[in-house]
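Structure below; questions to follow.
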Amino acid sequence: MDGTLPTRVNASPAPAPDPMDTRPFRIVRRIAEVDGCFTLHLRSLDGRPLVYQPGQFNMLYAFGTGEVAISISGDCRDLTTLVHTIREVGTVTKALAKLKVGDVVGVRGPFGRAWPIEEAYGNDILFVTGTIGLAPLRPLIHEVLHRREHFGKVVICYGSRGTHDILYEKDLHRWRGRFDLQVHVTVHSAPSGYRGRVGSVANLVKIARFDPEHTTAYVCRSETMTRPAVQALHERGVTSDRIYVTLERNMKCGVGFCGHCQMGGSFMCKDGPVYRYDTIEDIFTVREL
Amino acid sequence: MVAIEGLGRLLAEHPFFQDMTPEVRDIVVGCCANAHYRPGEYLFKEGGKADHFYLIRQGSVAVEVHAPGRPAVVVENIGEGDIIGWSWLVPPYVWTFDARAIEQVRAITIDGACLRTKLEANHELGYQLYQRFIPIMGRRISEARLRIVELTTDAVY
Amino acid sequence: MVHNDIHATPAAGHRLIVGRDGLDALIAALRGEGYAVIGPRVRDGAIAYEPVDSTADLPIGVIDEQNGGHYRLNTGPEETLFGYTVGPHSWKRALYPPRQSLWTAARDAEKGFTIEKPDGTPPRQAFLGVRPCELRALGIHDRVFGVQPHDAGHGAQQFTDQGYAARRAEAFVVAVNCGRAGGTCFCTSMGGGPQAEGGYDLAVTEINRNGWHDFLVEAGSEHGRAILDTLPGRRAEVYDVQAAQAVTDAARGQMGRAMVPDVADLLAKNLEHPRWAEVAKRCLSCANCTMVCPTCFCSTMEDVTDLTGERTERVRRWDSCFTLDFSYIHGGSIRQSTASRYRQWITHKLSTWHEQFGTSGCVGCGRCITWCPVGIDITEEARAIHDSTRGTAGGTPEGTNEGRA
């Protein structure tokens, strides 16, 4: 235990912005997406952009209802517009869903650890995701494409339920048109005659072309689906120290004060939501942690 | 039709038969033939007698469930290098799904009815075949189970 | 165990012997400086921390009787001001209040809504009667709320809670060393002890020498020293300091409970252990332990809207990892079972806290034992796991992997 604990702590002379303060942003565009999702394009009322890194999230505030943690889904180089894709599942997301262009939401953030990028320089890149999991990954895909020359092969493995709920289909289509990108899309079922893949995302990992020993994988799936995705990567020879996953807990404050988002010793809001898999491998299968 | 030794080479090169002992592989080679399917053509249909299995050499095959009055539902597709069909191994040797070529498909068909009689006599053959079929069956079952979870759980992505 | 070296006496004026009038002068001096003095008082049959005007408000001649799920106030030695130990309150009430208004928002036609923050001027509070374990709890919260930087926490950004920081910076701390251990105390096994080791402005030791009743007061800060210099009393002699030392030594020898060694590692290795299910049979998931714990800091946020829907208030209030709601994410709660919630609480407190803040989250005050309605004892639970793993190489008992498919 530490020896002396000072009584008097000097407050910093110029107080940092309070992480609990929410900033007003106006909705400039609203896009209906698949699968109960919608995308909001936001612009700050105070003119100050929100600078973030791929993988980070904001606490979005619907006036009178409350806050919810939503990952950022835009291109982090576009500072004029903050993009969030949201699925309507709870009280706050339902309130956000009712808002129209011109309405104002509160934004607190950005919070959390970003997907590491430089660590993957020189490697092949594999994105493994499904349905709405593409939303938190899209800023990283944009960034990897901005820095395309630093990477070998770049592969996107994406799965959705059916042929009509492929998120960001236009983006996937555009990416598929690039010669420097492999895009594999699979669905769980399709009408006969569908020419795309039908099957699991894990299967895509099996068929994708990359050099397993020099590959960094970014997995953005639910906790349940992360395990099979990681297993498929292991089977291909991608080791845990080159697999990044993202997890989800109840984030209330975003800054490690409220305690809600703990998993083992980590506060998911600031130590996560992105983790290198080998750092959580031991506790990942402990139930109800 | 290519010559038998041509098929033997094709089998030996196929991942499914890799590391199979040559004596056992020769038995299988004796039961196989080349096949070609045009897009939309059925490899087999639900309810039909399951007397074959297929190694896909080129193209892909949709595993479908027939739905009256609407397009069939594709539940999986099987691509190059993969194997399709194990109903020939399990009584009552009846197909439980349709299999239809999505594009031009080149495959090797293996006569299961012929193999079944040989399995009874040669358990080493049986062991080596089961050794290869069971992991595939297991993987497809667990993938199907996880897809049920994905399809039925709202929060899963 | 750390004993102050009595020969390293600081400069004259740092230690004073005062009578009860000296403490009254202290309270008056603090009030004169604009402090609201908060100290122990008897309230509803327990020691509570509330505003005090003079030593007459303190629990004079009162001691407490504590055990698992048991708390009583009894008559103690006459004239004693600090004969009891800790009650259900702790100083987090004053520094991180159970309900905090973070801001209010009003609907605005132009800007959507406008936000108004409450007056950020912190209350000027003086805490009288802060026990050594509570001083350590304050030090722990200084790390939790980001006013004391530390190396732990996986290198993540450390934020500062501005409300806590402001209140903490204003607080004047008068520590009181312990003359006896309470029935559920185990501070010595948590690396602490009944004697304050810093982190105070003034520290008081109540000394009773054959009915001669006075107080050794030591300064721990410049501000404390300045106030000490104004108090009526005499300079403390070596024998006074020795007498004060004897008081805390006596308390040190009375600890009836002890935490097992290396508990952080022990719990980390036993996340799957049959004891969790055992304790869950008794645990009511009532959250009492977290409310009385001086270091538990979890909170939740609520948005309270008025009837017109035009104004709303963001409120932060204490929360507990024992509630089902605590770990709720869309679809359900992560920690459904009581076993998992108890495990979360004790492993956080004793184990993962080190990863997060570089210190244990437990100071050994014993409140969670006393105020548990069924008397679950944190030391006993840790000991049960400790004993079950003795002699096994990996520190994991047999049979704990059952149920893992």
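Just so it is clear, A, B and C label the chains in written order, and each chain counts residues from 1 on its own.
Simple rule for what comes next: a contact is a pair of C-beta atoms (placed from the backbone, for glycine too) under 8 Å apart; a residue touches a chain by one contact, two chains touch by 3 or more.
For clarity, every value in this text was computed on a predicted model and none was experimentally measured.
> By mean C-alpha coordinates, which chain is most distant from subunit C?
Using the mean of the C-alpha atoms as each chain's centre, the farthest one from subunit C is B.
> Which chain is the middle one, judged by CA centres?
Checking distances from each chain centre to the full centroid gives A.
> Using mean C-alpha positions as chain centres, tell me how far subunit B is from subunit C in Å, no decimals.
Here the centre of subunit C sits 67 Å away from the centre of subunit B.
> Measuring centre to centre with CA averages, how many angstrom lie between subunit A and subunit C?
38
> Name the residues of subunit B that each touch 2 or more other chains.
153-155
> Return the residues of subunit C touching two or more other chains; collapse runs of consecutive numbers into ranges.
Counting only residues that touch two or more other chains, subunit C contributes 329-331.
> Residues touching two or more other chains, restricted to subunit A: which are they?
Counting only residues that touch two or more other chains, subunit A contributes 89.
> Enumerate the contact residues on subunit A facing subunit B in the complex.
Result: residues 89, 129-133, 161, 188-195, 197-200, 202-203, 207, 221-222, 224-225, 228 of subunit A touch subunit B.
> Residues of subunit C touching subunit A in their complex?
Within the complex, subunit C touches subunit A at residues 102-103, 105, 107, 111-113, 115, 117, 135-136, 138-139, 142, 144-145, 147-148, 153-154, 156-162, 165-166, 168-169, 171, 173, 190-192, 197-201, 220-221, 223, 271-272, 297-303, 305, 309, 312, 314, 316, 319, 321, 326-331, 334-337, 339-340, 344, 348, 351-352, 354-356, 358-360, 404.
> Can you list the residues on subunit A that touch subunit C in the complex?
Touching subunit C: residues 1-12, 15-16, 18-22, 24, 26, 45, 63-67, 89-90, 103-106, 113, 248-250, 252-253, 255-260, 262, 264-267, 270-271, 283, 285-289 of subunit A.
> With touch defined as at the start, can you tell me which subunit B residues reach subunit A in the complex?
By the definition above, subunit B touches subunit A via 62-64, 70-77, 79, 100, 102-103, 142-143, 146-147, 149-151, 153-157.
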